[in-house]
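The structure appears right after this line, and notes come after that.
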Amino acid sequence: MQTRIEVGILGATGMVGQHFIKFLQGHPWFELKWLGASDRSAGKKYRDAMTWHLAGTTPEDVGELVVEDCKPGNAPRLLFSAMDASVATEIEQAFAQAGHVIVSNSRNHRMDRDVPLLVPEINPEHLKLVPGQQRARGWKGQIVTNPNCSTITLTMSLAPLKPFGVRNVIVTTLQAVSGAGYPGVASMDIVGNVVPFIGGEEEKMQQETQKILGEFRGDHIEPLPARVSAHCNRVPVVDGHTVTVSVELAAKPASAELHHAFDHFTAVPQERALPSAPPRPVIYMHEGNRPQPRKDAERERGMACFVGRLRPCPVLDYKFVALAHNTIRGAAGAAVLNAELMHSEGMLD
Amino acid sequence: MQTRIEVGILGATGMVGQHFIKFLQGHPWFELKWLGASDRSAGKKYRDAMTWHLAGTTPEDVGELVVEDCKPGNAPRLLFSAMDASVATEIEQAFAQAGHVIVSNSRNHRMDRDVPLLVPEINPEHLKLVPGQQRARGWKGQIVTNPNCSTITLTMSLAPLKPFGVRNVIVTTLQAVSGAGYPGVASMDIVGNVVPFIGGEEEKMQQETQKILGEFRGDHIEPLPARVSAHCNRVPVVDGHTVTVSVELAAKPASAELHHAFDHFTAVPQERALPSAPPRPVIYMHEGNRPQPRKDAERERGMACFVGRLRPCPVLDYKFVALAHNTIRGAAGAAVLNAELMHSEGMLD
Amino acid sequence: MQTRIEVGILGATGMVGQHFIKFLQGHPWFELKWLGASDRSAGKKYRDAMTWHLAGTTPEDVGELVVEDCKPGNAPRLLFSAMDASVATEIEQAFAQAGHVIVSNSRNHRMDRDVPLLVPEINPEHLKLVPGQQRARGWKGQIVTNPNCSTITLTMSLAPLKPFGVRNVIVTTLQAVSGAGYPGVASMDIVGNVVPFIGGEEEKMQQETQKILGEFRGDHIEPLPARVSAHCNRVPVVDGHTVTVSVELAAKPASAELHHAFDHFTAVPQERALPSAPPRPVIYMHEGNRPQPRKDAERERGMACFVGRLRPCPVLDYKFVALAHNTIRGAAGAAVLNAELMHSEGMLD
Amino acid sequence: MQTRIEVGILGATGMVGQHFIKFLQGHPWFELKWLGASDRSAGKKYRDAMTWHLAGTTPEDVGELVVEDCKPGNAPRLLFSAMDASVATEIEQAFAQAGHVIVSNSRNHRMDRDVPLLVPEINPEHLKLVPGQQRARGWKGQIVTNPNCSTITLTMSLAPLKPFGVRNVIVTTLQAVSGAGYPGVASMDIVGNVVPFIGGEEEKMQQETQKILGEFRGDHIEPLPARVSAHCNRVPVVDGHTVTVSVELAAKPASAELHHAFDHFTAVPQERALPSAPPRPVIYMHEGNRPQPRKDAERERGMACFVGRLRPCPVLDYKFVALAHNTIRGAAGAAVLNAELMHSEGMLD
């Protein structure tokens, strides 16, 4: 293995931080060397600074790392951010100001005019926003973001349909509890139950989708001129967000054309064989009752989007179901793939 | 208590049959005196003929009843049918031919041109199909049906909106496992999972909704000229079907008008104070994350439809969430309320 | 209805407080007139001071009550305590000092030498500790407690066996999430999972059982000279603690004797027909796979203990399974029944 | 990779059969070449003969194999049996008669006097029963079995304690739904519920444990002279059986001795580095609330037994909790490890 790029995690003790740690284990390009968290944790060994909430136990070597303050200083240039939204704005900006490349899963800068909301399979050209961002903000560093976990499931499933002109979309989510972090959803609220509301989620899905599928126009992204309507629900599933989608398509394609599009979709991360890119980013399942979160979300290392049940929609044009792993493809894995794309563009040199 | 009307159940040993037994306990008008089931069970005491799958145990007196063949003979005139679809057509017709009033939860005759698909709060006038049914089929008896359990949740929630001209509807269901009967859904398929397919359910929701909201035209029902698109999913919930609904309304009402409509909706069963009619058939909940199946489905004896989260839909006009108890309002309770309406019309005399 | 006794709740906004409110609805003897909670809530209407976590919604009249500080003053003489253990000691003592009768569900005083740990069906004579408590502490008021929710399930199931000489007991619990209050157990920890540890629970079961089954000796309770070993587990069940029990019995009875004991067990609350006393406090179920929490816990208004599967234990003498509703029989209902017993003894006059 | 040994599966279409297929993917010694199932499936491609119930989809190459009748003929010599108990006796015997090595997960021959009930880490010497089995039955082939899935969890956890003289054991299980196969447990019975009964399971645990921990005596196994008492329960967990164990130990060791025993336990499969042997067969977890099925069962490829919470038992000597993956270590993986041990003994040559 050649020399790897040193990386760190901002917000390493929370649940998304733990997902970053797990996902980065054995990464061929990135070597985890630095963990940042709140004052409360700084100075402690990682294993003493948190309770590990994921399957298995804390990776041995990471457990021994000493947690640092989230202040620029000795941190590596490339930092993945799993900061809580309540503090992410200032901290991420301070690091970017100090020259760090911040690849963030936090929502704070996603909708900023000069910040890419990146899905490497969909809008790699949005990275062209970065030079303007650096100029406008006077930064040597930069901030690049990935979408909300439910948005990414939706947009991945729509990506193969982009050539047909995605117009209006109505989507209902059935979201896993891991999406809410830890402690997140109280068991009293979700065991044997459905909660038909997730704060801010519908707005994020509606806005982020338009930006992700939008066009780069020099200094900003022109949002997709399509309306998106989301109904967001929590269900008693551990990992994997399921979405049901009805979509209007300008080109009125035949269903065989859509099947072909799903079956042959590939993109920049696959062409460049980025380490975390799944061989096929969108996998259409022909079984009549799939995809299902417990059976499919973890396949392909949690990095693919699974689609099924494509059929005509009596109201819009087509409808289908889609699924992606919300804490991998929808969070830690998404950010790591973003960094891989950036590295392949020479942006980490 | 005055003399009650004797009633029986066709298909008494299955899960829907058990729900009928439970719901009829202590009914002020109807007295359960007869239980019909397959040859295999006939001749046995009810308690020996089945395993009780509902909460609690078999009601004492019902347990002692001897199960009979599902053949006309000594059965009471009024029969609730919980027959399996594989046998319901012939058996229900044989009883109707023999003069029985069949109030059926089975799907077999729901879409027959001359059979009411009745929701007493929505289309009581559809009972006017019965004389024509009797003439055309040469029956002294009759068959009246109630909708599928997910359809009834949807149509109850749309009922207050009917004056505004219900046009296109896109609905996603999150359906409880009790809707599949017993043994129904394998636990291996649903614990911590979602199954995005229920056989035949989407077609039923799409067609039944149009008939239920349609207009009586002398000898048939003119379906509502609206398109309905359904995405049906199973979730690990015991009782209560949740639906998310986006709807187009011809009159383009203000949201205050819709709130008023939900808050003041009442109908024939309430005016006549039918025993199983909830005081308010549709209850709008103002809490931001309700209704929820485990917390709300059993309220109002399981007979109301709960609605919440009314808000504009960026694609159609409005969207909201609705919930009803699938085995009560969506099955046994629906049929009993149908029979109560029929009795109030003198159709059981 | 005759004049009812005014009662209040200490710690009314928490989950146990909500259970008290629900259980007291329509109580024939007690009328809820006063709600106490922390400074943060005091002065607000109850409906604005908390989020209702139980099924249904806040009872209308209770929602309008104004929450008061937990300080003696205008509170009714009889108070049910649902205080958090972190503050219960001082507050309960202050009220008892001021002359209030505190019927507490909190754990703080349960093991005090002069405080009854009361289960009306098992040890009503333990109330005789109260005069000594008042003398020793210089109180006009008093504190009476009920056991932990898992202890009560165990002790109720052992009550009919007391005449046979309960010796050693090994018990494993499968406890519902509602036992941990709100937010309590994180869904990430329990959906599709088991947590084999509940802080302090095993010690409570081991000690409280000995006291409850012990003998009143003038100024203290002589604990039952039996060893109790508990394994406590959390499972993804909403309400109802299941326990598996192996027990040694001094008298070495035949199994028919035990069945007779379970089937004929009755006690003071039944003889006096206390309003919350179930007709039969222990119900033996002969079905081979019962009791089950979701199907049985709510029967008998949640106040009975259900037992099943009595059979020889190859190591100790007998083994069986038992179940009770943890937030009703194991908390709010237990305390209300305690107060009813006290009223029937003239202790509230 | 050297030439691998061809193997087949009896009962390949059921759930245990699917687990064998999954576990054998990429096995370094065994190559799956033959699938046997009932007449109904014979002649079809495997993918058309069953519905795949495990996570992911049918392995491509296995899907193309044509299913054969379960009759001796062209099957490989080494066969894993996942036969249903209703047919396993005759079919397994017919194959053994015909010279096949049957490594069976079925319960039918487990308690036969001359059949090893093998756990390679515990009783490898029980394989010495085989020559006598062949002589007595006139077989060139042989039958070797693995224990029930809950027994294996218990016995693995007791293995390190064997030197201290395992005496009486009381065990309560919290078993996953996958243990019941497909469709197995109805979701109506287990969502949000516990079922305190599993047919035949307690007897199996009690008898099999004595045999597994027993001594080879020339032509039979002398059972461990210890009494085992089991309480078996089903809980809503997908994979992983949790057991709580109280145990009496003849040597009355100090707890440090037990910790040492758990931490240093190793056995023949580890010494020989059998391909499916976990590096450490028993892993003691020091976290206070582990092991947990959803977080730990799949670690170590599902082949280790996890133990935690060792503490004194007030009634017997010690108590603890243990966990193993029921369909891997408790079924398919157990049988494959058995075959690996047999191969290392030259029994497959």
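By written order: A, B, C and D. Residues from 1 in each chain.
Heads up, the rule we're going with is that a contact is a pair of C-beta atoms (placed from the backbone, for glycine too) under 8 Å apart; a residue touches a chain by one contact, two chains touch by 3 or more.
This one's a predicted model, so the numbers in the text were calculated from it and none came from an experiment.
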Of B-C and B-D, pair with higher C-beta contact tally: B-D
Longest centre-to-centre distance from chain B, chain (CA-based): D
Distance from chain D to chain C - Cα centre to Cα centre, in angstrom: 42
Chain centre separation (chain B, chain C; CA means) in Å: 40
Averaged-CA centre spacing for the pair chain D and chain B, given as whole angstrom: 47
Where chain B touches two or more other chains, by residue: 189, 191-192, 236-238, 294-295
List of chain C residues in touch with chain B within their complex: 54-57, 191-192, 238, 285, 287, 294-296, 298-299
Chain C residues within the chain A interface of the complex: 15, 53, 177-178, 182-192, 236-238
Touching residues (chain side chain D, partner chain C) in the complex: 168-170, 172, 174, 189, 191-197, 206, 227-229, 231, 233, 235-238, 242, 244, 246, 288-295, 308-309, 313-316, 319, 321
